[in-house]
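We call the chains A, B and C, going by the order they appear; numbering starts again at 1 in every chain.
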Amino acid sequence: MDKELRIVGFLCNWCSYGGADTAGVGRFVQPTDLRIIRMPCSGRIDPLFVLKTLIGGADGVLVSGCHPRDCHYAEGNYYARRRLEVLKRFLPIIGIDPGRFEYTWVSASEGQRWQHVVTSFTNQIHALGPVQRIGRQSLAKACSLGTVLEPLA
Amino acid sequence: MDALFLADDKLSAWLGELAAARRVLVPVREREAVVFRPYAAGVTPVLDRQANVPPKASVFPASEALMSFRYTKNPENLGQVAVEVHETIDAPPTVVFGGRPCDARGFLVFDRVYDTPKIQDTAYKKRRENTLFVTLACDDPQNTCFCNSIGSSPYDATGSDVLLTPVSGGYLVECASERGKELVESKLLSDGNALREEAKTVHASALSALGPAWNPSPAKAKLIEKFEDMGFWEDVSAKCISCGACTYLCPTCYCFNVTDERTGMKGERIRTWDTCMSYLFTLEASGHNPRPTKAHRLKNRVGHKFSYYPEIHGGPIACCGCGRCISLCPVSVDIREIVRLSIERPTAKPENK
Amino acid sequence: MSLQDELKAQIVKRLPELDVVIGWGQGYDSLHRTPLFITSEADVDKLVFDPLCVHNLSTYLTRYGSAKRIGVVVKGCDSRSVVELLQEKLIHRDKVMVFGLPCEGVADLGKVKRALAAKDLDMGRVRAASFADGDLVVTVSGQEIRLPMAEVQADKCGRCRYHNAVIHDEFAGQPITEAAPDTYADVAAFEEQTLEERMEFWREQMERCVRCYACRNACPLCVCRDYCIGQSREPNWVSQRDGLEEKFFFQMIHATHLAGRCTECGECERACPVDIPLLLLKRKLGKEILELFDYRAGTDPDAKPPLLNFKVQEDTINERGW
């Protein structure tokens, strides 16, 4: 595989973090692009965590929590599901491919499934390549072209 | 000094000459906003109206690093940390082209604060010295303009280095300071003495278009008198939504905030514009806020400009009359009206304590 | 009796029960209206209602303590903010009296500015303005210019489904019966661009942001204001640097905090002193929320906002398996 990219994972403490651990204990081979941040619950994941990460230069963000009906806090992942779905659909307007962000559900026993999720997501991000960042200076270009910015049609 | 003439079709050539050795900032249109941007060939400056954002950032950037620092741990004794500090001043030679007289005069208000015999702000001073103003006299002021009421005019060259006046076929170019001379040495400029009369007519008609001037100086005492009259301030601030548009877009507002931003062992000390319209401006570490409401904060903005500043600095008002705080306010708070009301409305007697 | 007179009579009648009524009055020139705070009958005479009354006055409702009884004059779009504030229990129904109006659309002063600039005229120099036969008639630099309202109307009015206040204690005038469909064509048109072009668009727009937070403070639903996470040091979501990342991330905060709540009144964009098209971000969220949850914010005081709610089995969201 080509050069490692930067992928951030927000994992719920009770299921997916355990699932990742299970995968590790089972010595399932996984790509190494993912950096994991442990969260108390997928319901704790503020969509801004994901946006900050992507705008800050991460090439992909993966959120994983307990399967629906299995939330440690009964309904945290139900709220997460709605928020994260809205977030995923929001990304295209700011010029970020929605494929750079996925959310899924992995239980603590699903080591093999975790391996599959990480591998698939990492492949998906590698197919997309490095993320474009808004922070690049565009000013010099805009001025040298003499561009007059037009209002939206 | 002789007056010179710049033909319309030589404008971009002259800008090109100026931009050869300096950063030249010109007003350009972006959607319906006019903002100052670095000039490059092909850019068309917008010279027929006032820019939304004044060229304040040319001398006083919205955010600037004052210094960078780095901590280094002593490997022998990890409790010992050394700090290394580098001053970072970015002051490229700059010409601000196409600002209005009010925009250039704004910096005179800054000078009394940042460049005094007692206190010298090195970053400010260096940029101030490196920045020249080629100002365009107004031929047709806007409804929100009131420079005539604060002791200035649409063609006041104070604070500018070169003054342009629109005349038929081009601009009359007049040197307004010693430093301006180096800018008008171009072969593109021809003799313009014959156009002086025409320029005077333009000036006079712009001034008369402003309507009658009013005198804000009684506000100096009246605003102090109304300091405790919170009923007055609640009334005039009722519609204020406490954003910072008025202060950030004001050519004379000079308040700043300093923050150390550190990542790991490295960081920068950053100075940013601050706004007295924000609750955070006076919020103290204890949680106490001496200006808890928007009435207190608006009182400060008006009071500072028309009373406290003239008191401290020997008379001049900290307002250049550009009217941006009125025209760009989302709810049309009108500082002229507040100053006038402060003078006209009787002050409520404080309740007996 | 004209609509304006009817409204005035209603305010005079109700004023004794109220501490203040918020309406619109004449601003600093003939093209500008400004929020008017009515506390006495004498103030009522200053009240104006016409297509230049652009402000959404419901933004003031959360700026008073709960002790005050406040009257507020609202157009159809503004009334949705009142409903949303009630849904979220940010205001109390018995403390707010709503003076509802029918509205045929307001002017977009940005468009007026553009229309005049096309004729080499400056909106800042307009000396007189009036309405006649569906035109905005302005006198500027000695010329009388007729601008058809259809050309200078705010975009939101052309796709308005709620011309009449959706909540009111008093309603002046006759309700407007037609309602335009909103197909989110603007969002679709923007998304015809490539991802790179879209981000480049935001680069160019955000470059001129001065971080005055007028967008936030004009918003009737951005109620944190003095305690906004965009300005907190701990956590430090946004740095004090003025790079595009900081400026843009603030808009991410603003947009995501309005997801499922925003009524698309457009005050963020109208308030922006440098004309950044901020409503587009909220429109995109509105479009997705509508598709996912068949929900329009601020139309039903008893509805629960979709992101404060869930279904065990969602109808429109597939389980995301790999």
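Note that a contact is a pair of C-beta atoms (placed from the backbone, for glycine too) under 8 Å apart; a residue touches a chain by one contact, two chains touch by 3 or more.
Model, not experiment: these values are computed from the prediction.
Comparing per-chain C-alpha centres with the mean over every protein C-alpha atom, the closest match is chain C. Chain centres computed from CA atoms place B at the largest separation from chain A.
In terms of their C-alpha centroids, the spacing between chain A and chain B amounts to 44 Å. Note: centroid distance chain A to chain C, computed from Cα atoms, is 33 Å. Chain centres here are Cα averages; for chain B and chain C they lie 30 Å apart. Residue positions of chain A touching 2 or more other chains, listed in rising order: 139, 142, 149, 151. Contact of a single residue of chain C with at least two other chains is seen at positions 110, 114, 204-205, 207, 277. Counting partner chains per residue, chain B has residues 30-32 touching two or more of them. Contacts from chain B toward chain C in the complex involve residues 30-33, 35, 48-50, 52-53, 61-63, 140-144, 235, 238-239, 241-245, 247-249, 257, 259, 261, 270, 272-273, 275, 278-280, 324, 326-328, 330-334, 336-337. Within the complex, the chain C residues that touch chain A are 110, 114, 186-187, 189-191, 195-207, 237, 243-245, 248-249, 252-253, 255-256, 259-260, 277, 280-281, 284-285, 288-289, 291-293, 306-307, 309-312, 314, 317, 319-322.
Residues 47-48, 51-52, 55-56, 68-69, 75, 78-79, 81-83, 85-87, 89-90, 92-97, 102-105, 113, 116-117, 120-121, 132-139, 142, 147, 149, 151-153 of chain A touch chain C in their complex. Interface residues of chain C, counted against chain B in their complex, comprise 27-29, 32-35, 37, 55, 59-60, 110, 113-114, 120, 122, 124-127, 141, 204-205, 207-208, 210-214, 216-218, 225-226, 231, 239-242, 267, 270-271, 273-277.
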